[in-house]
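Next up, some structures in structure tokens.
Next, two complexes with chain A in common: one pairs it with chain B, the other with chain C.
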Partner chain A sequence: MKVGTVFDEMWADGSSIRRPYKNIKTWLDGEERSSLKAKRRDANDLFRLTGITFNVYGSEEGEERLIPFDIVPRVLTSNEWTKICKGLEQRVRAINAFLYDIYHDQEIVKAGVLPLEMLKNNPAFLLQMMGVNPPGQIYTHISGVDIIRTAENEFYVLEDNVRTPSGVSYMLENRETMLQMFPELFTKNRVQPIQNYPQELLYSLKHTLPETAENKPTVCLLTPGLYNSAYFEHAFLADQMGIELVQGNDLKVVDGFLAMRTTQGHRKVDVVYKRLDDEFLDPLNFNEKSSLGVPGLFDVYRKGRVTIANAPGTGIADDKAMYSFMPEIVQFYSGEFPLLQNVPTWRCAIKDQLNYVLDNIHELVIKRVHGSGGYGMLIGPTATKKDIANFRRKLLSTPQDYIAQPTLSLSTVPILTSKGFAPRHVDLRPFVQMSPEKINIVPGGLTRVAMSKGSLVVNSSQGGGTKDTWVLEN
Partner chain B sequence: MKKLNVSHKTKYSFEAGPLSGLQQIKKTPFSDSCQKVVNWSLSLTGAKEELTFTDSFNNNVNLIRIEPGIKDLVIECEGHVEVTDRSGILGYETSNIPLWVWTEQTNLSKPGPGIRKLAKSLPLKDDISDFHTLMELINSSLEFQKNTTDVETTAEEALKKGSGVCQDFTNIFIACCRLHGLPARYVSGFLLLENKQIQEAMHAWAEVFVDGLGWVGFDTANKISPDDRYIRVAIGRDYSDAAPIKGVTLGVQHECLSVSILISEQ
Partner chain C sequence: MLGNTANGLFWTYRLLERAENMSRLIETGQRIALTRLNSSDEQWLYVMQTAAVASEYKRYYSKIEKEAALDWMLKHPENKSSILSSITSARQNAKMVRHALTTDVWEAINGSFLDIQNLLKTKIRERDLPIVLRTIKQSAALVRGATYGTMLRNEEYDFCRLGTFIERADNTARILDVKYYVLLPSAKAVGTSIDNVQWETILRSVSAYGGFRLEYGHEAGPGDIAKFLILDKRMPRSLIYCCEILKLHLSSLCSTYRNKPASFSQIMQLQKRFLTHDIEAIFKFGLHDFLQKMISLFADLSDQIEIDYRFYE
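Entry: the complex of A and B
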């Protein structure tokens, strides 16, 4: 891994354009700058009209923000994509096998590959899931695996998201917007389609059924409601899949099955696409103060009468401390070397590693083990003295809550700024669907881009934007 | 071996009936190396059964829904269990729960200075007599007294108070074992008393995993290991996992609870 040099996906080392971006350059060169800017404004207006906004936690009360959209697509070749897909498939299969093992015999602990300490006192480990056999043995129906690129042939996994991965609606809307604004681009370039994602998702949910499901299974999407940051996405996906969008109080245990209130009375539900944190899922079995969940839902699940996607308890596989064991986990279950590499990670819970982190804090990124969305993170090279002092204190008082990684030079792709085109750092979140039959990976995924110069933070909660992501046909 | 008859009735009276309510009932024993459940039935008045399942501890659970607006909810269990006296030694068993889980303290067993001091005074390992000494020790610091503690009282709080019921004796015993790194768990069950006494609550005791023996029971409140008068019903890390009734009820006013348990020998 090269630290310090930046790989630009359009210009590589700066001298000549990379092949996959040739058509993009021709297109951009042929357009008036002012008309492109006008189109960018139109695109953002379109997003505002469709209502694609994002609630930001920790900011002014209920602030809704538009995620900035950039019109320059991010392009991957078919070869690059095939390589990434192989790695993703291996990783997601291993994570699913890992979850089955953790909630059954814990062979990986007995084999001494994973220290028991990783499970002890870990709030993401759900004792209630022990011995549960989820329909089709699937835990991770949907995974969002964050990938970064640092060079021509270097891709790393930065994070696995297997609790309730979000962002796919942006991926779909970005493509929709590009198709509307620049239809000619898609006649000149052979871009792999992504629009069937919702149908593929529905297919994969309908093929992971409980044994009690009948011919025409009912699937619904369970949302915590309007105030959740991803509510737009919940409504969007339910609409696209043609399934009901429900909240906890729309669901009830009726005659031993899960049922949904409809105008014609209760209807049995076979699959719940859950977009709610486990803790709030069922006040009878988890946090009793939750008013968002469905009392008894987990009992019906335990009885094998409903599918919950993703399964409760998957969070044990995606916290940032577990991430550091992912190479061992992949190898343990697949018997192969990981095709996708991890970013080197220091676990602050270990004294030697903590000391290293404290000594090199200026060069490292420090992350909370149980955090997400880029909240509570320190980027050493750009942090203020005050921030660093603050994090030192946190590291010393609760080291087990933190991991550290080198500050990687994420690759850049140009964006259109008010002063013309300029490179900005990007990452990629591909979405992987899993059913007992197959693994399906939508070509591309969501490219997130840090909108300000030099910034490495791509999270939308921290002002990051998005781009359309192209995977070219072979 | 004893053949025991159990009759267990729980009655809730509501001044204003509940709007809705769902409860998990853990009152049905399972067969194991010490006991054989010959027959068992659970009947409900004012509620209906949604489903039955076994939880991750292998406890039998009935999920019931209280009918809206009812004034009385009655849960009645009747059954017949054959129990063998094996000096409290349950032995090895297959379980979904790995042993390490039982070594973790919970909110109710979490030790403070009092428990630490108590546990430190003993070498707990694989000598059964040490556990009997521990029971003696707990009994010399705790008096059996009703209504001084409740289901949320922690082991440390009860020890400080110096009084409690079987739950508290058990919580303290478990906390001490876990401090020594031993897997220990909570058992809720029935106990045959002399003279056909009507009991107002289920009994509770502890089990410790001892190398070479497997799980061994210790009834701290009575300072003995369970024999053929004891029926195991549910296990858990502490009371909250094994509670006979756990539920969410909406819109309840002034509920009044009465329990009567009669255990008799055939």
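Entry: the complex of A and C
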């Protein structure tokens, strides 16, 4: 891993254009800058009209923002993609096996590969899930694995999102927008289609049915509601899959089964695609203050009478402290070496590692173990003295809440700025769907891009943008 | 279909209809203010009474002034029935049931909301009023057209239409009731023409000024106006027309669900008891009493629809 040098996916070493970007360059060279800017405005109007907005937590209620969209696509070759896919499949299968194991016999602990402390007192480890058998033995119906690139052949997994991965609607809408704005690009380039994602998702959901499901199973999407930051995505996916979009107050446990309130009374539900944190799922079994969930839902689940996707308790696998064990986890369950690499990670809970982190804080990225969305992290090389002092204090008082990683040079891809094209750092979130029959990965994923110069923070909640992601046909 | 979805569709269309009715009332008020030499700011009180927002207005303002009245009806944050409030809530409801609407309908509603919100952002000067009102009317037409042209004729559509026509029926009954006394047959009214400012207000409020003249002629009297707005089946805002459409969609739900809930018997009763007589019988019954009765029956019907189709837990 090279630290400090930046790999540009269009220009590589800076002089010659990389092959997959040749057509992109020809296209951009032939366009007037002003007409591209006009197109970008059109794209924003389109996003507003369609309602592809997100709500920012902590901002005025109902305030809706657009995620900045950049018109220069990010391109991957079919060979690169095949490699990534193999790695993803191996990793996601291992994570699913890991979840089954830790909620049953805990062989991995008995084998001495994972210390018991990693499970004990970990709020992401859901005791209620012990011994529960999810339909089809599937925990992670959908995974969003964040991948970064640092060189021609270097891809790393940065995070495994297996609780409630979001962002897939942007992947789909970015492509729709590009199709509408630059149809000729798709005539000149053979880009692998992604439009069947919702159908594939419905397939995975309908193939992990509880045994009590009848011929025509009922699937619904459970949203926390209008003010959730990802509400647009919930409505979008429910619409695309042709399933009901429900909130907690639409659901109720009736005669031991989960049911939704239709215009004709309560009707049984077989599969819940849950876009709600576990904690809020069921006030009787989890957080009693939750008004978003369904009282008794978890009891129905435990009896095997409903599928919840993803299964409750999956959060233990994408916990940032657990992340550091992922190479061992993959190897333990697959019997193979991991195909996708992990970023080296220091666990601050361990004394020696904490000392290393404190000594090298200027070069490291410090993350909260249970944080997400890019909140509460420190990027050593760009942080102020005050921030560093602040984090030092936090590390000393609650070291178990933090991990540290080297500041990786995420690869860059050009974006259109007000002053012309300029490289910006990107990551990639492919979406992996799993059912007992198969694993499906839509070619591409969501490319997130840090819009300001030099920034490594790609999270939309922190001003990050997105790009259309192309996987070329061979 | 979820009870909650039915609820969201019903209210989306109710609120859109409400916004449109309000804009029509404002337009009427402005038209009369500009074309009648003897009109005063006081006539905005009538307009607000018709829109059922006058008493709230008086809590915030001591005087009836045109500018304040316009602001109140267009966008005052304390007025829950202002055009901006109605359209914002309509869009909120539509967002909730986004998956039950076609893309065309959703984009029409969302686009209209964005346009109107943008227009109402700044203080509305008198010269901006025509463009604001025109945009609202066009938006309503766009949503109606997209609904008509792209929605499947299924239960979802039934609930959309029920929302529109409950609101419209209520609106027409209120418009009539606020001025019911000018429509009563009396010795004084004989010989006056429909140029009467009161009548013009009523007719314009339901976009029926031209239509009425065409069908009933210049010699028509106030009784004819009442007949036109209550019993004329050709008039798309008359009470009888609204009830026909309500019955149509309630009966369509009955056949979809193979049952006949209370709301269906209510609309049948309502029609049979109150809309099968001629206008003279209604006058004899008492126009005001009749309209009050209708308003309360529409409210009952709306409540019953909520219960029958499980809008709430």
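Assume the second predicted complex is superposed on the first by the 468 of 474 C-alpha atoms of A that agree within 3 Å, B and C clash if a C-alpha of one lies under 4 Å from a C-alpha of the other, contacts with A are read in each partner's own complex, and residues count from 1 in each chain.
By definition in this document, a contact is a pair of C-beta atoms (placed from the backbone, for glycine too) under 8 Å apart; a residue touches a chain by one contact, two chains touch by 3 or more.
Since we're looking at a predicted model, the values are computed, not measured.
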- prompt: Does the superposition put A:Gln137 against chain B (first), chain C (second), both, or neither?
  reply: neither
Query: Touch check for A:Gly256: first (chain B), second (chain C), both, or neither?
result: first
Task: Pick one for A:Pro295: touches chain B only (first), chain C only (second), both, or neither.
output: first
Task: Based on the superposed arrangement, let me know which partner A:Gln264 touches: chain B (first), chain C (second), both, or neither?
output: second
- prompt: Just chain B (first), just chain C (second), both, or neither: which does A:Gln180 touch?
  reply: neither
Message: Tell me the contact category for A:Ser452 with respect to chain B and chain C: first, second, both or neither.
response: neither
Task: Return the residues of chain A at which the contacts from chain B and from chain C coincide.
output: none
- prompt: Which residues, counting only chain B, touch chain A once they are in their complex?
  reply: 22, 24, 49-51, 53, 55-56, 61, 63, 65, 96-98, 100-101, 104, 246-248
Field: In the complex, chain A residues that touch chain B
entry: 104, 106, 109, 116, 119-121, 127-132, 253-256, 283-284, 288, 295-296, 299-300, 302-303, 305
- request: Using the touch definition up top, name the residues of chain A that touch chain C in the complex.
  value: 48-51, 226, 231, 235-236, 238-239, 244-247, 249-250, 252, 260-265
Message: List the residues on chain C that touch chain A in their complex, please.
response: 1-6, 92, 95-96, 98-99, 103, 106-107, 110-111, 114, 155, 257, 309-310, 313
